[in-house]
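First the structure, then my questions, so here it is.
Should a chain be cited, it is by its letter among A, B, C and D, assigned in written order, with residues numbered from 1 in that chain.
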Amino acid sequence: MGWLSGTTVAMVLFAVGTTVLIVRKDLVIKLLALGLVNSSGILFLISIRFQPQMEAPILPAKVGSAIADPFPQALVLSAIVINFAILALSLVFVMLLVERYHSTDCERIEHAVETEKAMLGRRDRTVNPSEGDTREETR
Amino acid sequence: MISRTVLLLLLPVIAAVSLFQRRRLSAVIGMGLFSLVLAATYLLHSSPDVAVTEAAIGAALVTIIYVLAIRRTGRLLVVGDEVPGLLALEGGEFVGLEVDILAGFARRLGLDLSIQIAPLCDVETILLRGDADLGAGGLSAVPAIRLHRSRDHLPTALVRLRPEADDRLPPEESPATDRCEYPGTSPISSRRSSAVNRLKRRSTWRAFSRFRGPTSRHGESTDSPCPGASRSSPPPGGRTCVISSARTSPSSSAAGAWTT
Amino acid sequence: MILPLFPLSHIFLGLAAIAWRASARATLIIGLIVDIALVAIAFSPAAHCLSSTVAGGWTDVIGIRLALDSLALDLLLLTVLLELAVIIYLWRQRLRPSFVILLQFLVGAVMALVLSQDLFNVYVILELLTLVSFLLVAYDRRTIQIWASLKYLILASVGMSIFLLGVAVTYANVGSLGLAAIQQAVAANPQAGWIPLAAALLVAGVSVKAGILTFSLWLPDAHSAAPAAISAFLSGLVIKMGIVVLIRLAGVFPLALVLQILGAITGIGGAIYAMSSTDLKRMLAFHTLSQIGYLLIGMGVANETAARGVLAYALAHGSFKALLFLAAGAAYDAVGSTEIAELISSRHRIPLRTRAALLLGTLAIVGLPPFDGYIAKAPLLDAAHGWTNQILLLLLGIGTAASFAKLLPLFKGPYRRVGNDPVWESYVVLALPIVLFLPIERALFGPAIILPAMNWVIALESIAVVATGWLMHRVYRRLSVRPSESLFRLEPGMFAILLGFVAIYLLLRLG
Amino acid sequence: MRRIVRTTLAVALSLAACGIVIFNHPIAEGGSRSNDTIQLATETGATNLVSAIYLGARLYDTLFEVLVFTVAVIGVRFYLLRRPSSARAAPIPESHVLQASAQILYPLTLILGLYLALFGHLSPGGGFSGGVVAASGLLLCVMSIGVETVYRRLSGAGIERLEWALPMVIVVVCVLPVLFGRPILSSLLPVGRAGRFFGSSSILLLNVLIGLKVLIGSWMVLYAFIRHRGEI
């Protein structure tokens, strides 16, 4: 079972996450997949220098046994919190979009935003006062 | 060693299964479970600190926030006229029997309720235009309301749900509703039927609803309130259904017929 | 020893701004004063004693090294410059404490990043930058901004997880995350199998943040949707942070070929889209891409002059791009639109100083001789050996000139005074380095760097490039071919990141 | 058709990216240099080596991580609290079983959070996980006595100011050693014998500060979400 290490599984999780991130249209699912991608990085970092029979890095360890490297674990703590922050904020934004469009479908929202953008340009142009004389000038 | 292998094998399976769920809530719960398994995996990789943090943040906090966030992502638009006792605006709030029913219905579906007041003569137009999902506010008191098949460019099914062999409808309603009825679609058996049942038992009411887009396709309510409609013609855009009940039908016996 | 104070002071001030709401404006001023003082110390002769330190006095193996090298000095200067300009620009607006804290965090994170010599530290700071700019882009809460911002966050977060994988691979093989240790490990065994993998992961991850095509497909939307002052900051400074990390990585891994190819794609792609864009802010955002292309090609050349040229160009680009974005914001306030046709037709309502600022920015960005665009580009043109690089740089120059030729009618009369231009002081702050770039560059990078700018061949070449660009604009205007904008959606962005990673890996492995 | 092509492409690209990493598998020679780490424990006085690194050697990273969390709190509050609240529905769950069990569980959870934060330098845990666990205790509290009650009591204690003041205190704790002639970001308080509760008092101090900050921050995030969404 040498091939079944944490790193391999982490990369499989990464592949699952990116696939779902592309294939599924629902924004909430996309965020879940994003969380999965981020977790895969963490699992990868944890398991990269790990070998079975290692003890947890808390002293005093059992005599004669190697302890796992504490360094990646300390890094990973930061990464977990960062992922939480990203998730909370993106969820808030998804909620704002849902409030506006009543949909979590990514393509629908994208389409609506693009239409809105086009409408915005047009409205600005028509709303402008004193448009007639400026047109004259450019001619 | 073996437990580590099992957990490692379990991780992608849980992730893939939960991310390909149709219902968002299932996906969220599945990813919460994934986080727990991940925390156990960290523990078996001799990193208890990371395991504790992952369990606290990934499995608890994140899942709670997700569940809070996806609670209500849609809106149930109701249009109706003010009828004292049924639907009325008092001090900026809607009160009345039908409001209570609608609130319960919206809650069942996981939607936000939003009520608009419109003159009775416009309710039908608004509903048919698709600007609202349900009509309310003493609609049954006006026999003159006529229903039409939806416009042709909307692939919708207009379904009437009523007890089988219920011929005690007031005669003036029949021509209007019959025109939009699909045969053989009346018995409903779904989770939602209890909601409909509640509606029917408690009030004299009639509603037209057109459940639009994502709330019915991706949302909480993938099993639609009128399954007959989806069976007869799976509509891509939305569906319209009419829920109508007779004023005169005795509630207890009719309820039995509804939940077949 | 005092190096951590650069970011920490801003962080403290930002938190003070939100804890005591009345003090928001005061903290901005205090932050500025502290910055100027610190930069003055950094430039003083005593600076060598603070040039490098490990935070907290730990060993290099596990600690985080901070260093004040020429790259850091260059960007610190740019930071202070932009901070000053943006604060002046924002001064008369209502400033919410939450805005001030985000601005302070942005400045603090930028300073921390340019000083950092540790890969994981870079990761954390990049994430902080991502989140802060994510919130700032959508600060007005228009739906367009929210969507642009969300897209940015999702793509940047995927990029950052790829970067984290790269950090993990590096740590597994080096045992430390300090750049010096990694450099030693790579130098000891340049053929090791992990090097292409780690380099590809790190480069692909950071490219998402650095405005490199085809990784950064979020950039045009986010930079054009943001409020003007934020656009100036993002385009002038924050996008350079990815470049800073790339420069650091290029000092460790053999990346010259990859950077050149990425630079070519980024530059040409950005220029094409900029030429066909009809919105001023969007065009400026595309231009950021094309200028990033310049920087990458310069980095790919990998010799001493080019490296200094890159630094000089980063500084110059920051100043004129910020000037253009700020002026575009003022023009939007006056006209109510950023469509170029609209701006031209109601140009009489744009304040004169804003128009002057747009003109100055345009002259600088196309690279006409007395201004900083030209002076900073000259070393790159001089150092780029080989005909591919030469042609690429020329093409980029032509593309820039061709897209900015659209703005020329904006500067025609009538020149009536309309209203007061409330933010002209910030234009002055940014215009000073644009006009007086020669002595600044000489002071920063030594006298050798200004020699190419004095070369009349290069000057003539630049003028010829601008003229060609103008001609090209006349031709292109009549063509109806426009590249599709649907590339800048979420899903192509995801595809591009994965594809880019695979491509970079193959390049590093085979090339 | 387009969908099939897209799905295939997505799967293929993801697998390619994943395969590249798997087949260049960085082989771990594994383990930590035990001398280094034991020395680390004596230098910081923390027997939990992860804490020793997290709040010792890499305090600078941790500081930025706290800031990332602060930014998240700012963002959530800024974007959610000004939205119209939809707290019409009852904040207290209808189920009495849930309510009763929440009442019993929440003190336990708060104590667990406190333990994790206080003993983070000796055993698994730390400020962050402690704070989050305590915040979920507060959530249970909300289930038993209602969200507005909890909110009133907590804001009566002035937690909002504290949310912004705590990171400032952390920054000050990081900078203060400079007054004693030690480098910035080194430990503020003296280091005692490894393994004692007060053996590494500055890590203990930081753990408590971070735990409190995270507790308040998580509560503010949760409150914003609950208020926006109505009920639990």
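Note that a contact is a pair of C-beta atoms (placed from the backbone, for glycine too) under 8 Å apart; a residue touches a chain by one contact, two chains touch by 3 or more.
The structure presented is a predicted model; accordingly, all values stated were derived computationally and were not measured.
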| item | value |
| --- | --- |
| Selected interface, B-D versus A-C, where C-beta contact pairs are more numerous | A-C |
| Identity of the chain that, by mean CA position, is farthest from chain B | C |
| Central subunit by CA centre of mass proxy | A |
| Whole-Å gap separating chain A and chain C, where each centre is the average of the chain's CA atoms | 23 |
| Chain B and chain D, separation of their C-alpha mean positions in angstrom | 38 |
| Separation of chain C from chain D, taking each centre as the mean of its C-alpha atoms, in whole Å | 33 |
| Mean-CA-position distance for chain C and chain B (Å) | 49 |
| Residues of chain C whose C-beta touches two or more other chains | 62, 120, 124, 127, 131, 134-135, 138, 141, 165, 168-169, 172, 491, 494-495, 498 |
| Contacts with two or more other chains, residues of chain D listed in rising order | 6, 10, 13-14, 17, 21, 26, 28, 48, 50-51, 53-54, 58, 61, 64-65, 68, 71-72, 75, 79, 124, 126, 128, 221, 228 |
| Where chain B touches two or more other chains at once, by residue number | 47-50, 53, 57, 61, 65, 69 |
| Chain-to-chain touches, reported pairwise for every pair that qualifies | A-B, A-C, A-D, B-D, C-D |
| Complex contact set, residues of chain C against chain A | 62, 120, 123-124, 127, 130-131, 134-135, 138, 141, 143-144, 146-147, 149-150, 153-154, 157-158, 161-162, 164-165, 167-169, 171-172, 279, 335-337, 339, 342, 344-346, 348, 409, 414, 489-491, 494-495, 498 |
| For the chain C and chain D complex, residues of the former touching the latter | 1-2, 4-5, 8, 11-12, 15-16, 18-19, 53, 55-59, 61-64, 98, 101-102, 105, 109, 112, 120-121, 124-125, 127-128, 131-132, 134-135, 138, 141, 165, 168-169, 172-173, 193-194, 196-197, 200-201, 491, 494-495, 498-499, 501-502, 505 |
| Interface residues, chain D side, partner chain A - complex | 6-7, 10-11, 13-15, 17-19, 21-22, 25-26, 28-32, 34, 37-38, 41, 47-54, 58, 61-62, 64-65, 68-69, 71-72, 75-76, 79-80, 83, 122-124, 126, 128, 194-195, 221, 228 |
| Residue numbers on chain D that touch chain B, as the complex places them | 48, 50-51, 54, 86, 89, 116, 124-126, 128-129, 132-133, 135-136, 139, 218, 221-222, 225-226, 228-232 |
| Residues of chain A that touch chain C when the two form their complex | 14, 18, 21-22, 30-31, 34, 37-38, 40-42, 44-45, 48-49, 71-72, 75, 78-79, 82, 85-86, 89-90, 93-94, 96-97, 100-101, 106, 109-110, 112-113, 116-117, 120-121, 124-125, 127-128, 130-131, 134-135, 137-138 |
